[in-house]
Structure formats: C-alpha cells, structure tokens
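Each of the next two complexes has subunit A plus one more chain, namely subunit B in the first and subunit C in the second.
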Partner chain A sequence: MADLSSTRRTRARRTLIFAAFLVALALLYTGYKAFGQAIDDSQRDWWVVGSFLPRSDDKNMPPVLDILAEFGEAPREGGTTIGRLTLDGALFTLREAAVGFAAGTIIGLAIAVVLLQSRRAERGVLPYVIASQTVPLIAIAPIVVVWGRTGLEFLPWEWQDWMSVSLIATYLTFFPVAVNGLRGLQSPSPEATELMQSYAASRRQILRRLQLPASLPFLFPALRIAATASVVGAIVGEISAGVRGGLGRLILDFAGKYITGPERLYVAIIGACITGLVAVGVVAAAERLLLARRGIVAQ
Partner chain B sequence: MAQDLVLEIAGLEKTFNPGRSNAVTAISDLYLAVRPREFVSIIGPSGCGKSTLLRLVGGLIEPTAGELSVNGRSAQEARLGRDYGMVFQAAGLLDWRTAIRNVELPLELMGWSKLRRRKRAKEMLELVDLGGFASHYPAELSGGMQQRVSIARALSFEPSLLLMDEPFGALDEMTREYMQTELLKIWRETATTVIFITHSIPEAVFLSTRVAVMSPRPARIAAELPIDLPERTPQTRDTEEFFRDVSLVRRTLRSVEGQ
Partner chain C sequence: MKTPKQRTTWRLLTVLLAVGLVAAACAADDGASDAAAAAMSQAQSAQDDAGVASAEASAAAAQAGQAQAAADAAAAAAALAQATAEGNQAAVAAAEADLAAAQAAAEAARADAAAAQEEADEARSAAEAAEEAVEMAAEEAASMMGECDGLTEVVVQLQWFTQSQFAGYYAAHDQGLYEDLCLDVTILEGGVEIVPIPVLDSGGADFAVSWVPRGLVPREEGADVVNIAQIFERSATLQVSWADSGIQSVEDLAGKTVGNWGFGNEFELLAGLRRNGVDPDSDVTLVQQNFDMSALLNREIDAAQAMIYNEYAQVLEAINPDTGELYQPSDLVVIDWNDVGTAMLQDAIWADAGRLDSDAAYRDTAVRFVQGTLAGWIWCRDEPDACVDVVLDNAPTLGRSHQTWQLNEISALIWPSSNGIGVMDAGLWNQTVDVAVTEGILSAEPEGEAYRTDIVLEAIANLEAAGLDTDGSGWSRVTVVLNEGGE
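On to the complex of A and B.
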C-alpha cells in the first residue's frame, strides 16, 4: 500500500517527466527546423538527406516562441486573443464531446447488456455494430446536421447544431464501449455465476453485483479510447458539418489564414491536443477512483 | 420420501445433448441418501461426473431422469430457498470486495440489514480464524485464506447443505491438511451436512463419516464405505485405523475402475 508521501512523490515525478517531454518535443522541433532551414539555405542537396527530407521555413515551421507568443496575440486590435478564442472553442467542443461521450457510453452499455442476454443475439447483432463503424463520418456529419435542422418536435428542447455534433461523437463512442463492455460483462467465470445462482440471485442482481463490477477493468480502456474519439469526432463533425463555435471551425478559419499567420493553426492544434488530454484525464481519474479500491493498485 | 433425509437421490440420470450425435450420459441410475449432520465424500476417477452430480444436487442443472429431493423439495426449490452453500475449487471471491463484504454478499442478496449482515459476517470470519482480515482484499490473501473466506461466505446464511467441489484441490499439501482440520472444526460447530467432492483418498477418509465411491462414466455410486475413526486430529493421519480405511477406499476404487 502506497502511503501519502510516496504518492505525492510519484505525482511530482510524473509532472517532471511530462515537463521534460514537452521541452524535448520543443527542442526536437527547433532542431529539425534549423536543420531543414540549413538545407533550404544551402540551395543544394546535402548528400542524400536533402533530397527526401522536407525543408523548413518560418511558414511551415514557425518558431516555438512565436507560437507561444501567438496565444496572447489578438487578430483585431484590442480584440479577443487567439489563446482566448482557442479556449472558448475548446470548451465548446468539450461540451459537445462530453454530451456525446455520455450518450455513447449509455448506449454502448445498453447494447452490451442486451447482447449479454443470449449468444444468438450476440452473433446476430454484433456484426452490425462493427459494420456501423465503416460508415465514413465525414460523409454523414452534414446529413446529421441537416436532419437536426428539420425541427425535431418530439424533443423537450429545441435541437441545436452542437447536438448534431454530439450525436456524431456518440456514434464514435458507443462502439468501443459496447464491444469491450460485452467482453467485461462476460468475464466472470461460470463458477462465479453459479455461486450467485446458488444464493438464488436474480438476473438483475447478478448483473449489478457481479457482471457490471467485473466489467470495469475492461470498460475503462474502452472509455479512454472513447474519450479521445469523442473529441476527435466532435472536431471532425464541426468541420464537415460547418458548425460554428468550436475548435473545428477555428481550425478551418486558421487554416484559411495559414499563409499570413501559420502560428495560429499551431495554437489551435495544441488546443485540440489539450482538449483530448483533458477528456482522457477525466476518465483516468474516474478509473483510479473506482479501481484503486480493489486491492490491486490501478496503474 | 423419508423426512429425516437431507438429500435423497433415486435413479438419477443426466445426459448432455440428448438425442444428438454428441450425446454423453454422464450419470445414470445413481442412488444416494444423506442424513442430517453427515459428512459424505464422493470420490471417483477424474472426469466421472462428480462435479455434474454436485451441480444437479445444487439445482444448477436439470436431471434428465430420476428423483432428487432436498429436505423434501426439488433441487430448484431448494436452491431458491437457499438451502445450499457452495464452495468450488476456485474461491471465487469478488476481487473488488473486501473479505467481510464478500461474506456479506449472499446476505445482501437476501435483503438483510447492513448492521445485521455485518455482525454475521464478522462472526463467520472469526469461525474460519480470519477475524483480523475483514478489510483485506482477496488479492492480499493467500490461497488458503481465500478458500476460508469462501467457506465463511457459503455458511453465512446457515444453509442446510454444504456442497463442496474439490475445495482444497488448488492448495499445497500443508495448507490442505490444515484446511481439513479447520473444516472439521467448522462442521462440528455449525452442525451442517456436507457433501464433499474430492479425488484425494486420504482427504476423503480423514473428513468423512461416509465415503461414496463413484464408477467411471456413466457414473453411479458403486460402493459406500462408512468411516469410523475414533478421533480426527492431525495425528489421526498416522494411525493404524486411518491407513486401514485409506487402503480400503483405494482397493474399492481400483475394483470399481477395473469393471
């Protein structure tokens, strides 16, 4: 059992490693930038390397410090800074992703519980669940948005465009949850189920006390994948459906102005990465909370 | 059926996949009667259907033919009436629950209040000498300790019949002998009826008031040997009587297998 001080020490070490990683990444970036620049400046091929390694300039690889400075820049004099725009966009996208993630988790678990009931249902339905993921997301995103705009009367709230994006995130999220959830629900040994039956446990009791808790170690890896997928799905959904307010739109705007200010796009990309990390971080925290009490130290 | 029997089996038959080309008759024409407070071991060649018999008695699978009654009820009724405590070779503890919460599980399903089940679970853990390990997780317990928690769990709701399927099969010899002594102590203290499946002859002799020898598939009870040891302590294993009974069971088993 880890005592408090050693937990704190581990945490401090992890933060340090992460900081070192960021610094290394920045150094690698700067190093290659200088190298690519040198190839470009020399105006001739450096041995063989120069012939296949991409050259670099301030357009395609803006200096790290310029990117960092861009966070504080405002596109219009006295207006909102790029950093602020990115933060607002990230929060907007994160909300879409969170709603999609929650809905996808519920739907995925529901599918897993239904498929658990019979082998025949599993064999009959699972292939369709898998096939659902072959539909190209970029193609269906605009369809979903247009569909949402037709006015869904049966819902208590007015349908917003961001909900369509959440729906796209849901579509990406439910799949890993359903597949891994089912495996997790099936993970208890036949003896464990027989024991529950010997206590005259009902099906629902077996599900709640045995199968659901047993599925958690299988579920969390899927939830981590689902967390990143929901953010990526939300961004892609925003871009292809033309929904304003989130990171997707921001990336599209900044990409359009890449020639005049490439740093902005980098800021948006960093923003998207952090958003994904936050999503995974929340899932990991929940995992630690739920699984650390099992005597096996969750990693 | 006689009321003073805990278990009465007559002409029991179990065929898996009946009517198909891969049909297997695991048990056929099996008779067995167990009186209250008996300790009956069932021994037989591996794969002879011992575990199938236990699952039939426990109402986990349905017999193809024959009669099986537990306290005058069908196995299904008995299972739903919580007449059974079951212990398998794998302790089968829920690894996300502490030892005491594992023992509480059946009581929880039966709707006992938290206070009442906590009290009972504590008593049960003390009965298996694990009073100090209540808040340990299964991963922190040895194999023998896990199996003792499993026994405490099976006995927590005072079932009339304890069904054990090679419960000590995965333990080392020393732990195994220790567990046997413990089990006898628990059996005496709780006055439970035990049906114990094993493939260890000394284990069967040491524990039982009666050893039922099963024939190879399709299995039936080929012989029943009463065991009458004057006392059962760790020293009993070195006595004349013990050796005599062990060799009697061994010879019976051999003759049954040779048939």
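On to the complex of A and C.
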C-alpha cells in the first residue's frame, strides 16, 4: 500500500512539474513578446530582438490565448474545428509512425543479431548502415512513393501511399535500434559468455538467455529515439510524398496560410509535439513493464 | 451415325448466335431491354456449353465405338489364330473374313471418332466465337447507351494539393462525369517533392497535370510525354506591389527589391524584365521569397510574386493594421505577365506519348478522360457554388471564401476559351517555348510532337454533340467577397 501511494505521489509530482514547465514556457513566450512590443522591435533595428530572434508582432508570435482559442475554431463556418483536424491528423500520423517503428525495430534488431555473429561482418556492414542515414529523406521520399505505386504490385494487399510514409519512418527507425542493439548484445562480459559456454550453451541459448536480456538497457534509449524519429519521419514523409490525412499535410497547409492565420500553424506544431510525446510515452511504459519484470530498475 | 444430332446442334448454335446478336442489337436500340439481353446472353452461353458438351459426348461415344471395334478385331484375330492352329481351312477362311470385317469396322469407328472430335472442336470454337460476338455487341450497345461493361481504372497525378485549381477534376469525379464515360478515376494530390511528369513517365500515373515548362524540361531530358489538353489558356502569375510604391509597370521595378519563389517560377519575371530593358542581374535586387506574402506585408520587399488565385487573395484576407479592415484591391498594383507578353502556359494534361501511339485502348481512355475533365470544368463554370462545395468536401482545411475566389479566378484563366477548352493556342505555345529557350530553361525548341490536339478535339466534338458550350464566350468574372483568413 505504501509503495502504491508513493508511486502515485511521484506520478502526481511529475505531472505537476510538467504542467509548471508548460506554464513557464508560455510565460517566457508572452514575456518576450511584451518586451519586443515595448521596445518596438518591428520598427527599429535592434541587435537581437526582432532580428536574430523572431519579431514579436501578432503575425510572427500570436498571443498564447489566441493559439489556445484556435483549437476550437474552424477553417470555415460550420466546418471541422482545427483541434479536431489536428487530432485526426495526429492519429493518422501515429499509425504511419507505429507501423514504421515496428518494422524498423524488427529490421534493426535483425541487423544487430547478424552483425553480432562476426566482427568481420560488423566491420564490413556497419559503415553502410551509417551511410544510409546520410541520404536526405526528401531525396528518397518521392522514389519510395512511386516505387510503392508501381513496383509492389506482387504484394497480396493493395499498397497505399501511407505505407510508403511508414517505409520512410522505418528508414529512420532501424538505425538507432541496430547500432545500440549491437552495442547491447556485445555488453555481457567475456566471463559471462565463457561461463555460458562452459555449460555447453549453444549460440542461440547464449543469445536468448544472456545477450538479449543484457541488451535491453541499451535498447530502450534507442527505442525512444526511434519513436520520435518515426514520428518525424512520418511527418517529413507526408510532406514530401503529398500524402493527405496526417500532421505533415496539416503543417504544410497551415504554413501556406500563415499570413492570415499563424495560430493554426502553432496548433498543428503543438499537435506534432504531443504526438511525439505519446510515441515516447508508449515506449517508456513498455520499458518500465519489461525491465521491472526482469528486475532491472527503469531510470 | 451421330451426324444428324450434331447437325441439329449446329443449327441450334447458329440460331442462338443470331438471336444473341439480334438481342444485343435490340438492347442497343432499346435501353430497357438490357436486362433481357443479359439474360439472353446468359442463356446463350448456357446453350453453347450444352452444345459443346453434346459434341464432346459424341466424340466420347465414337471413341468407345472405336475401342469396341478394336476389341472385335482382336477377338477375330484370336479366332483366326486358333483356327489356323487347328488347321481347319473353312474355319480359317471364315475367321479371316471376320477379321477383315472387324478391322474395317475398327477403321470406320476410328474415322468416326476423328470426325466427331473435329466437330467437337469446331463446336467449341464456334461457341467461343459466338460468346465473343455477343460480348462485343453488348459492349457496343453499352457504350451507345452510356453504360459500361466495366470501368477503366485511371490514375491522375496533380501538381499540388486539393484546391479549386483542380476543381474540374474533383467535380468530374464527384458528379459521376468520369463514371458516365466508364472511367474509375483516382486523383492523386501533389506534394512538395512530387513532380508529376516523372511520376507519369515512370508509370505511377496514367495522366499528369503540370505546367507546360515543367513538362517540357523533363521531356527534353528524355521523358516520353505529350501535352494532350491545355486547360488554362492564361497564366495566373502576378507581381504584386503596394499602390504607394510607385511601381506601375515592369520598368518601375528597376532599383527595387523583387521577390520570387525560384524553383522555375521566376522565368516570366526574368523575361519580362529583360524585354523592358531592365537587367535582372544588375538593375534589380532579386530575392527568394517564401510561398506566402509575409515579405510584402512586412514591407521587406517592394514587389512579390503571387498567383492571382492564391497569394494575391491572401493579402486581401489579411487585416490592414492602419484601417482595422481587410486590405482592398485598391491598396495593391499588379503586373500581369499575360499583358506584358511573357506569360508561360500553365495547367495542362499530359499523357504517355509512346503508349498513346502503341495502345489504342489507352488513347480511347485518354479521349474519355479529357472529355470527362472538360465536362467537369464546364460544370464548375456553370455551377460555381456547387463546385466549390465539391472542393471543400475533398479538403476539410480549406476556407470557403478563399476557394470561391480561387474558382472564379481559375475560371477566368480558362474562359472565354479562344479555341474551345483544352485546345492549344499555337501562339501562346510558341511564346512559352520562346521564353523557355531564351531564359535557358530549355536548351532548344522541343523536338517532335510535344503537344497534340487530336484527343481534345475528339473530346470537344463529343461534348458539343451532347449540347455543351465548350468556349464559354459569354462567361465573365463575378465579384467574390473575401473574409478574414479566407473563411
């Protein structure tokens, strides 16, 4: 009982800290804006405010309350509210990201396990894994989309454009999993491996009972990075590939109408932040569950 | 021995074939009888099957007869052998006769079997031919009645997101105009990195909507595409300044800071400057402008690039801090490249050139797709409010007054249409190519056939036959009231 209430207290405290942080951020924003207005940053050339840092007028920095009110506004009379559009977009993007994350995790782990088998393979393949991440996403996104439409007709299901976006998310996701996964799989000390070998444990048994569990503390930070990367990948992929329905399209749409409604873009960006937080939160919850069961304390 | 029966089958087949054709022809004449025709053609195919089956049965029977005869012959041969062994001359003679007869019977049976087989084959191919004929007749009937045997799947790649710029395609889709022409059209929106012509060229779409220069550049680089319908006759690109800036003409841009979007959007401006004695390299400060009007609103630039149907309207949807009201057209001056004479042709439908030449079905699809699209644009011209509703249904983030403005301006790019909607104006084509070559967008004039009008002319003829007005000579702009933020 005591344990339960203390976790509850920790959780409550964390929520409070998070809320306080948000309020502080809003205050900082409003304070900067008020300061900029006071020194008239749009009319005079100040060194930092309004030049290096953004201008404080309502076009560039809409008031916080206006941004919050925008959640309830609709782009046209009687239409769907911006908040609802953002929620729908977030769910759409989250689905793309989840599929990409799952595929990326599986591929990343598979690469790690393969590279674990021989140092030579690791030395030969790892540079290519790293090089893969230097290819700019916007260069491959249209190729992936067209390839999805024309090259994947042999698949038993009909390839949708959002799956191409998931593929782009996969591309961003597999890398941290592969690199950290490999590091984690290599983490058991030679003594531990030798002990297993002295019990005549097979390679597979060593992998399953020693290396995989030992890799978890390395893997989860990678999975958190992968979770945000999959959301970013999905948003960027949507923007490049012209896939409708997600946050990427929404951001682009609202960015195009920035001069007449900057609040909307802020709403969409807040939506993207929350989506990223949700993705990381799901991974963190999984981490707590898995590591607690293994007796490794999370965080 | 089975011949009479087969002859009957033959007659039956012939009669049924005739009946089927007549039924199909009737169906063509009389819209109500298509169900009957379908039933009839089903009955027909059932009968055909029966005919084939009976011919096959005959063949089987004949083969059985052949086997029997062979068995008889074998028995006779055995009897002969036995008789010979016994030395009975009379018996030998009789057995020999028996054998001969049996062999003859076997021979005859074999011939019979072959003939039956042949007839069965013939019956089968006749049945197939009949089926084919019925299908063809039905198809012809269907196309005459505006009903389809099946829908042809068509994918079209747009060059940007859903907005009134593409209203005609969405209207044709949502109003069932494509379906009336037996097309199942999938409209793919564009994206930041999606360039329609390469998508078309790589088979990702059957048709693409693209500006002419953006079609000609990949074409020069080897994309096998052709412009089949020039939807917009006029360019929508403007250079917008504040009325108090003193910029009245292109010459006035000298010494000013002039925004443009780059990425191939700047050539009308560059050519316009050059033709009016302003050197774009030294006489003006050209700056890269974001795809919005904030730089003009912030007065960071003196003249901003704007599409008349989008960014220009956005200025008019913003509040003027001095008045507290929306900006008015009188606050702005525009330079219109159509008037300057450096306008380049914009939205057009592009198709796969090689496929048009080699694949008659694709060409037929192209005619129907262009026809449906033009019908969509005509509907949007005549029913602008309903057309805006269609656009809004397809894009929940768009504001109504902005899209109403956009459709009005898009219609002004099409109507009145000098040669009928979609038909290329050779003079404007040459002007576009001329600007493209002198500005170095193209290294030379396009080789071969870069545009063709046969498809759009066929589509227009069909529309005119249906009583539609394809040049909209009586059309004129309406006044659209913009709301703040385009709501």
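Remarks
The rule we apply is simple: the second predicted complex is superposed on the first by the 278 of 299 C-alpha atoms of A that agree within 3 Å, B and C clash if a C-alpha of one lies under 4 Å from a C-alpha of the other, contacts with A are read in each partner's own complex, and residues count from 1 in each chain.
We take it that a contact is a pair of C-beta atoms (placed from the backbone, for glycine too) under 8 Å apart; a residue touches a chain by one contact, two chains touch by 3 or more.
On a predicted model such as this, the values are computed, not experimentally measured, just so you know.
Using the contact criterion defined above for the overlaid structures, shared-chain residue A:P221 touches neither subunit B nor subunit C, since it reaches no partner. In the superposition on chain A, A:Y258 makes contact with subunit C only, while subunit B stays out of contact range.
Annotation for subunit A, partner touching more residues between subunit B and subunit C: C.
When the two complexes are overlaid on their common chain A, residue A:P63 makes contact with neither subunit B nor subunit C. When the shared chain is aligned, no partner comes close enough to touch A:G83: not subunit B, not subunit C. By the document's definition of touching, of the two partners only subunit B reaches A:Q205; subunit C does not.
Shared-chain residue A:S189: touches subunit B; no touch with subunit C. Counting contacts by the rule stated earlier, no residue of subunit A appears in both its interface with subunit B and its interface with subunit C.
Those residues of subunit A that touch subunit B in the shared complex are 189, 191-192, 194-201, 205, 209-210, 213-214, 216, 291, 293-296. Residues of subunit C that touch subunit A in their complex: 155, 161-162, 188-195, 198-199, 202-205, 291-294, 297-298, 314-315, 317-318, 392, 396-400, 484-487. Residues 42, 59, 75-77, 79-80, 85, 138, 141-142, 145-146, 149-150, 161, 238-244, 249-250, 252-261 of subunit A touch subunit C in their complex. Across the interface of their complex, subunit A is touched by residues 55, 58, 60, 79-82, 84-86, 88, 90, 92, 94-96, 105-106, 108-110, 136-140, 157, 163 of subunit B.
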